[in-house]
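Shared chain: chain A. Partners: chain B in the first complex, chain C in the second.
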Partner chain A sequence: MSYTKGESTAKKVGEGTYAVVFLGKQTSTERDIAIKEIKTGQFKDGLDMSALREVKYLQELKHVNVIELVDVFESANNLNLVLEFLPSDLEVLIKDRTLLFSPGDVKSWLLMTLRGVHHCHRNFILHRDLKPSNLLLSQSGELKIADFGLARSLGSPNEEFTSNVVTRWYRAPELLLGAKHYDGGVDIWAVGIIFAELMLRVPYLPGADDIDQIDVTFRALGTPTDSMWELVSTLPGYNNLTVYPQPTKQELRKRFIAATESALDLMNDGTLRNVS
Partner chain B sequence: MSRSQDTASPITPCSPKKGEMISSIQLSRPFLTRLQIEYAQSKTIDNIVVYKQRRNQVFSFLMKVCNTLKFPMRTLETAMIYYQRFYLHNSFNTSTYHDVATVCLFVATKNEETIKKLRDIIAVVSQVRNMQLNSEQAENYRRRIIGLEIKLMETIAFDFRIGHVEEYLVKFSKTLSIPKEITYTAWLFSYDTYQLDIALKAPASSIAVALLELACKLEKFHVNINYRELFVNMEAVNETKVDLLDFYISNYNYSFFASIRPELHDTFMDLKIALGNVKQLVEREKRYIEEDAYFDERSYTTGERRFMLGNQRKRLYNEM
Partner chain C sequence: MASHGVSFDDLYRRSTQYRLWSYTREQLAQQRREVNEKGCRKVDERLTSTPEVSASSIEKVTMDEEIALISFHARSIAKLAKFFNMPSQVRATGISFFRKFYLVNSVMEYHPKLILLTCLFLAAKSENFFISINSFSKRIPKTTPESILGLEFEILQSLKFTLMAHHPFRPLYGFFYDIQNVLGPEVSTKELGSVYDAARNLINEALISDAIYHFTPPQIALACFKTVNEELTMKYLNKKFTNVKVEDDVPKSTDYDTLVSVITECQQVIKDTPNPTKDQAVMIDKKVQFCVNPSLVLKRKRDTNEPDDANKRPRVGAVEGGASTSP
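Let's look at the complex of A and B:
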């Protein structure tokens, strides 16, 4: 199988921390693809972990709401990941003030996101970096989860995970409090916050830094206490917290003016924490 | 998955069209048969006795490094599998096998999410090997390992799927209500399977079942395992049993198990006799193995090399 990528046809679409992304076409099918070109042998610690994770997890996931890794090839000291190309993402849409979202739009994006997340979770894979800019949209409106650079498999129960994952604004409270063990709940929290952002059209919990994020999160959704979330106070980061009360339904209604009751319930479910 | 598919030609040089680079496709095959392994090694290893002897040394070296760096067993096991896979396709050379072992450990730490800076790994490696490296030498060593890293990843065809026997041991034991002490015996066996090349032949779940059955036999505990329910392959289970028992019968003193239970020296012959003649992994005729392009010498520099997992075979055949 060959791909057209050259000075004339390929367009550089972005430059990440460890890779250059080109836009190209699959020669046989004329399908648009993105080629992630990763230089090997240049970095202090070899191949970047995020590249390894993308290969490892995307090779095995196949779902209409998860980005497809079409091919992996190596040429001239470059590792190339051929991914399907998707022209837009949710962040672009949220920021485009000329667009009006209907409840139907939001519902279908949320459903597609949850289907993709469910597919990851039933394969025991946590995404750990869900945010609007990682939810890509195809020409025909299909939403696909992308960027598996932070993903990892659930592993065995005694493994310690790092809590330094997920982009700050979408970070679940257990991560903010430094939990070493967590599960799919961190992805579901992020989906809940993205849902809120789709309704508000601005980031729901924009913390300025890690400390501020804790404050912003708990001010909006209440500080968890042992009575509602068993042993939460034993988490390493649980100290000197201002205890905010849980928001009443009325307060949430005021924050999300256009939301229906069932929408609020759903968002509330996503952000509900009770690990035990 | 039938065996005949397994031996289909995986490297297919596509006829280069005008202006196109020569490309080859590397299909990942996580499991091989004994004859296939022997054939691959006959091409890369001049003296199999030396290779096996050094393999034991390298594994105890890796174990020391892992202990010092407090890596879990699974990281060590992955490194041991990578080390053996590397020498299926790259020629064995007594002057560089420690470097290969180091890079295997390095890639294993990435795959098992126990990442350490390469610099720190090299510091421990040189300490275990009693090498005094100044900063320049350490830097050169680091470069050499990075150079080998991509070679190792190409050798394993960017296939990062690795199962671990002990995970299945615990799960299966719970399902089958096998007492803890017997599971512990099986767990002790598991390290010995990694010292051999069993993990190159059988998936972790089949190995786990084989070890549990052997441990139950050894401790005279009756258990009835339905292979189909646990999705394990009977031939792979038998292959594991035969390999491990043969190893214990001929080289018990070199096993890890012997260091914990030395008094069981003579029991394994009886287990082997009780096992009898069982159906092991199906071997194809030698000429098919020799025709298999999978065992051809690999190039790491020419053209493009494309990597696919075994489960993408169907797509590959459609393209051809």
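Let's look at the complex of A and C:
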């Protein structure tokens, strides 16, 4: 297949490597596409891990709510990912104060996000970096999950995972507390926090640093204790925590003035403690 | 989750492993024939550009020799992975990458000795077991970071940019639990444990067989269980299929015969895994060297008094048994 390249925007993709994203068209179909050109020479250990992850998982995940990897090719020893072109994302919309969100908007974005996440999870893949800027929107309003650079497969039960994943504000308590074993709950937590942000139009739990994030999170949603979450206190990061009470329904209503009762219930489900 | 009609079978059929890397026996044989022919043409091209070497002095390798050499080196990957203490997932994926590479390329195009190293290094990254290229290369004699990294792209391309490899280890573990669940007190944990361990070992053999191209990971896992202990496995399957009330996703009992015949067939394929001796592999390896670099023949004529010392590969068992590929 051949492509014509248009304007470019430089974008950092992590682990010290850089990708340049070009907008372009697929010559045969006139379809708009984005070409993510990953500079391979700059990673001293060969092909960049996050680029490999992105290719690995997107090749498997064909779904209407996951960004489509149209093609992969090599040019001048750079890896090029041809992705469907998606002009906007939820972060852009949240920040655009001229836009009013109807409950229907929020519901449909949330539903599309959850469908995409469900598809990842039923394929035993964790995204591990859900946030508004990774939820892209097509011209016709379809939401698609993007950026699988931190994704990984759910492996064997004795394998250790790193807890240093997910952008801080969307990080689940088990990650904040340094768990080495976790599951799809970390993605669902992030979806719950994104849901809150869609209602508030500002980040819900904006911790200033990793320590502050623990405080901000537990002050808003209560500090988990062994009685509600078995053995939570044995997690490596569980020490000298201020024990905040669980928020009452009334407090949540005050924080989310426009939310319906069922919206609050749903958000509460999303941010429930990992009880497994 | 199956309520909306998407079963785990459906999901597997959407995987690249099923879509791009599963073959019938005929397709697989055809693919290998084509690759061997491509390799022969490549040797002819090289001979054309080295007129000083007579074509008759170069012996091409046959398709069966390619298969033998690849399976020999697939076992080398397993040893090398052990040497680096890599998890079984990395080892299995390394073998998978390596074998897929040679469904696209001939050993006469790329010498397996170098390809296997890069496949293992790439598998380690793909399976989240990162090891720096310096510490990887440092422990393998006669390599440099560049000699390993230089082939990454070639391999990724031959893999059609698909990196996901589903192995039979996880289904095997699942069956380990389900057998306990279905048979209950009829099987002792101790007995099942030793059957499981033996079956897990057999999977390492299955990874080198053609079973991975013809069967799904759970089928291979069951075939391994059945090879290790047929009585127990049949007892489990029997009860699983007759005991319809256990779960609603239990297949109909009419599927039982199909399943048993499929896994019996799979057992045979695993049993047929080529396992060439070191001497056989060394012999094919020599031929490959001349195919890859015909002008070595001239050198051989000059150095007939010197013994070939390329087999002296200390420390790493995994790369012994073959000759050096450096021109």
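Throughout what follows, the second predicted complex is superposed on the first by the 263 of 276 C-alpha atoms of A that agree within 3 Å, B and C clash if a C-alpha of one lies under 4 Å from a C-alpha of the other, contacts with A are read in each partner's own complex, and residues count from 1 in each chain.
In this section, a contact is a pair of C-beta atoms (placed from the backbone, for glycine too) under 8 Å apart; a residue touches a chain by one contact, two chains touch by 3 or more.
Remember, predicted model here, so these are calculated numbers, not experimental data.
Under the clash rule set out above, the superposition-derived model of chain A with chain B and chain C contains a clash between the two partners.
Touch criterion met: A:123 reaches chain C, while chain B stays clear of it. In the superposition on chain A, contact is made by A:44 with both chain B and chain C.
In the superposition on chain A, A:56 makes contact with both chain B and chain C. In the overlay built on the shared chain, the residue A:102 is in contact with neither chain B nor chain C. Shared-chain residue A:75: touches chain B; no touch with chain C.
In the superposition on chain A, A:152 makes contact with both chain B and chain C. When the two complexes are laid over each other on chain A, chain A has residues 40, 44-47, 49, 52, 55-56, 59-60, 72, 74, 77, 79, 152, 155-156, 159 in contact with both chain B and chain C. Residues 17, 20-21, 23, 72, 106, 110-111, 113, 115, 117-119, 142, 145-147, 149-150, 153-154, 158-161, 167, 303-309, 319 of chain B are the ones that touch chain A when the two sit in their complex. For chain C in complex with chain A, the touching residues are 1, 6, 11, 14-16, 87, 89, 121-122, 125-126, 128, 130, 132-133, 145, 148-149, 152-153, 156-157, 161-164, 169-170, 173.
Looking at the complex, you find that chain A touches chain C at residues 40, 44-47, 49, 52, 55-57, 59-60, 62, 72, 74, 77, 79, 122-123, 152-153, 155-156, 159. The touching residues of chain A, when paired with chain B in their complex, are 1-2, 40-41, 43-47, 49, 52, 55-56, 59-60, 71-75, 77, 79, 152, 155-156, 159.
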